[in-house]
Amino acid sequence: MKIAFIGLGNMGSPLAAHLIAAGHELNVWNRSLEKAERHKSAGATVAKTPGDAVKNVEIAITMLADDHAVESLVLPSGGVIDSMAKGATHISMSTISVDLSRRLADEHTKHGQRYIAAPVFGRPDAAAAGKLFIAAAGEKDVVEHCRPVLESLGQKVFVLGDKPEMANVVKLSGNFLIASVIESLGEAIALARKYDIDPHAYVDFLTNSLFSAPVYKTYGGIIADQKYTPAGFKLRLGLKDVRLALQAGEGVDTPLPIASLIRDHMLTAVSHGMEDMDWSSTAKLAAKNAGLE
Amino acid sequence: MKIAFIGLGNMGSPLAAHLIAAGHELNVWNRSLEKAERHKSAGATVAKTPGDAVKNVEIAITMLADDHAVESLVLPSGGVIDSMAKGATHISMSTISVDLSRRLADEHTKHGQRYIAAPVFGRPDAAAAGKLFIAAAGEKDVVEHCRPVLESLGQKVFVLGDKPEMANVVKLSGNFLIASVIESLGEAIALARKYDIDPHAYVDFLTNSLFSAPVYKTYGGIIADQKYTPAGFKLRLGLKDVRLALQAGEGVDTPLPIASLIRDHMLTAVSHGMEDMDWSSTAKLAAKNAGLE
Amino acid sequence: MKIAFIGLGNMGSPLAAHLIAAGHELNVWNRSLEKAERHKSAGATVAKTPGDAVKNVEIAITMLADDHAVESLVLPSGGVIDSMAKGATHISMSTISVDLSRRLADEHTKHGQRYIAAPVFGRPDAAAAGKLFIAAAGEKDVVEHCRPVLESLGQKVFVLGDKPEMANVVKLSGNFLIASVIESLGEAIALARKYDIDPHAYVDFLTNSLFSAPVYKTYGGIIADQKYTPAGFKLRLGLKDVRLALQAGEGVDTPLPIASLIRDHMLTAVSHGMEDMDWSSTAKLAAKNAGLE
Amino acid sequence: MKIAFIGLGNMGSPLAAHLIAAGHELNVWNRSLEKAERHKSAGATVAKTPGDAVKNVEIAITMLADDHAVESLVLPSGGVIDSMAKGATHISMSTISVDLSRRLADEHTKHGQRYIAAPVFGRPDAAAAGKLFIAAAGEKDVVEHCRPVLESLGQKVFVLGDKPEMANVVKLSGNFLIASVIESLGEAIALARKYDIDPHAYVDFLTNSLFSAPVYKTYGGIIADQKYTPAGFKLRLGLKDVRLALQAGEGVDTPLPIASLIRDHMLTAVSHGMEDMDWSSTAKLAAKNAGLE
């Protein structure tokens, strides 16, 4: 299949490599040319603009940092929508707002194009290992058309509904749930430490009993070690996602009180200069609030 | 070993049975005689008072409903402490406050007795199946002395520290973490439903990707089904435990903001007549607050 | 002085009347022409467009519903900025975001014009009676130049700083403080009612002892009477302002946890169909959460 | 009238002096004898025990630090209840829990005695100046019987209901409302400071417009000055009262979410060593959380 891949950062780059490995013909584009060039030797064609990349492809994939990046590359004249062929499909894999996802859906429809959202769960190492979980949503036949491509990008594809923004809701609420795990673990571990309980023994107990999920192991370990740098996922990106989850809630008059609480703690962490630490550093704040550190 | 078992409710009864099956000589006592009599045929001796039950035993185990029950049976003249032999050990398996656990430790020391706390994680069916997780704490040699008994009561024993109340902190903070899972799932599922996402598909996604722990499966299922009765663990008991976690925090000047938020939601649920529903019915409240139901 | 007045709603209309009464030459514009025509007999000139209204005036005043209304009338070609003379001054009295206020400041500077923000505190009846409090900010000499005009519009003018957005911060945080009074009163009155205390006696006590400010009298009375319609200020407008206060906080990495809590309660109220009630109807929710009503 | 006054601290001492000045015959008792002796020259009789003080009096007044002090002096054999005559009246002016107030009511009834609660609002200087506000509750004729005494102790007496604990609910919820003012002002002033608004100008604006109540003037001034020592009312006492308000809420299944939030912030303040600062130092924490200080 002829595919365009826009956005070759930590997440996009390994995904593009998977597509080439799977035998697809790939046009790639990235803001900094250098990262795009790396895929040349594997057989990718490096495009000069996003518009050039998506001309004549069957599927265009975007994996970009945020709403702003997606908007500025996809919507303007000469951009992705303007350049895609009628009938071609855009798979948006970025973590973006529900509102933008709806707007993309509308614009593609107006241009006779097809659009699904398929954001992912997992860190760059999971992307490289083909271990991402993919949450997809959109019109059923479009999703099915894209399924083989998606399956070559991760370990499992979940279809969450027939409107693309449903996948964005799943992504944002999923990140909210991870942030909730971090916040509650942070509070519980601070309490344990105040009672002189060894935090590693405590986390060991949790993750070998009721809380055996990967997310508890990952973040329980970081918090017990108090090792918030280098960041796996930066606090300011986490704050952005919690904010998008709150916005998704506002859009349907739904409060998310735990998300509000986390947002406030993250803002405090940012005001303390922790924005480039791992987003689990809200646990550092919980320790501080308990008089530790 | 000669053991006394005080408290033969949903949790205590299967544990007593395990001890008899393991070959221990058991004195049992329960407030309602009937439940004690059931263990007679298996070989237990039914005592008339808690004091009678613990005379001449090496280990006395209590598994009672709350602080009040423990205080009224253990502390008064003619009660457990008053009747236990010097050198005998009390294993407190009830979910009680940190303060009471410390007081028990002090009293046992004054009486030349030994004391550990060993609260459990798991529901009555897990107790029956020998699948409980046991969090123990106390002086190292005392814990080791009790280990074979504890191991016959559950699937795994974790030792969390040398002061008994540490195990109570682990139990209370563990219940707080479960309540956090329920609250955050409740909010996330309400959001998903408002976007017309099927709650079962949503929970299926979560529990087959990052949130694969039992606690997400159990409560995700209940919330997706909106099936809060019959209660596995009643809301008013959950509220009691969250309150004890907050008290444990107060004792060491440690705020637990998520626990505060959960407490407030549970109080609202109680004021809405939901106190005998499963404690996951705070998710019903989250749905209500989103205009669902 | 030659003045333009844009926006003749409940608040703007009495202010325009004050200016005419004070002897100023007034151009008026309103989206619905009818409201503008009413000022004709008093001597105002009705303009066809906001641009027409502000041509050749020394001062242009805008009093509009929200960011969107201000943006769409002030920024486009042919709008207020495009049509004002160099050296003329724009007084923005609307409750708008800090971001928009900054953007207006920038645009006016680019066009050689002057700009201050002067939002007001008080309801329409206070506007009619000349009893508004005005919070002004901007370059000192510009504010002083506008002072006589502002003084003819309210009972007192406060100058809060030399950057226009400071006045917007004061307005938004002021509304946040009022919302905090409502929320805390709602909780306290619900508690009092549960203990069979007469809510009117309770409010009477408060407002005749430590809480003698008008804001407690107004909202204490509404809550004790449970009379949330007709709305003095609609819940959805209150929610908008609390959201703008939170955004102002985000802009400087400052959490406002009470505002987060109020936002969540207001969202719940909206999801319960209360968006057109008075914004003090969050107190109705507090009563509901206590099992009352 | 023959009156006993138990508890001559900062608040009790000026009240006792008012009673002597009003011509009443006074027995006084205080834990540290020295403070009692000071009233001797004015004509008071210094009793050796609380029991001695209340024998043969018509009215016994207690003004003590907390539940513990009241319990230990009033309930034991030889204490206040044991020694009061049948038909005599106990006026409890201390800030105590709803539960203890109910228990006192029960005990007095059992002993054929009468009991009202009459806690006060105001600081020691207000007590000395006769400026306290008094919130009284209890059986109507008993309250009326005590009214002349109460009126000699403060500037205004409010009767809140016929059950004594109603007055305690009013006192605790009133302190909660003051704490809410402090918390919301702390957040708002931190926001204003981040936008370079002078905090004194900001408070001046608030207290001369909508927030003209004494409580805003007192605490707005302290926060703008960042002068949290010496404490007018210590943080740890404020935390105690917020906790009692939360307990009063629990007793009737009523959440007080703002009180929960304040409790958490106060605990953090205590863990930062601020327990002996003025309770408005939660505003210092709000500033810290905004990256100020």
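Letters A, B, C and D mark the chains in the order given here, with residues in each chain numbered from 1 onward.
Keep this in mind: a residue touches a chain if its C-beta (ideal position, glycine included) is under 8 Å from a C-beta of that chain, and two chains touch if they have at least 3 such contacts.
Because the structure is a prediction, the values reported are computed rather than measured.
Ranking B-D and A-D by contacting C-beta pairs places B-D first. Relative to the C-alpha centre of chain A, the farthest chain centre belongs to D. Look at where the CA atoms of chain C average out and do the same for chain D: the two points lie 38 Å apart.
Chain D has its Cα centroid 39 Å from the Cα centroid of chain B.
Centre-to-centre spacing of chain A and chain D amounts to 53 Å, using the average Cα coordinate of each chain. With touch defined as above, residues shared between interfaces to two or more other chains in chain A number as follows: 249, 253-257, 261, 265, 268, 271, 289-291. For chain A in complex with chain D, the residues that touch the partner chain are 268, 271-273, 289-291. By the touch criterion stated above, chain D contacts chain C in their complex at residues 98, 121, 133, 135, 156, 158-161, 163, 165-166, 169-170, 173-174, 176-178, 180-181, 183-185, 187-188, 190-192, 194-198, 201-202, 204-206, 208-216, 245, 248-249, 252-259, 261, 265, 289-291. Listing the residues of chain B that touch chain D in their complex gives 243, 249-250, 253-257, 260-261, 263-265, 267-268, 270-271.
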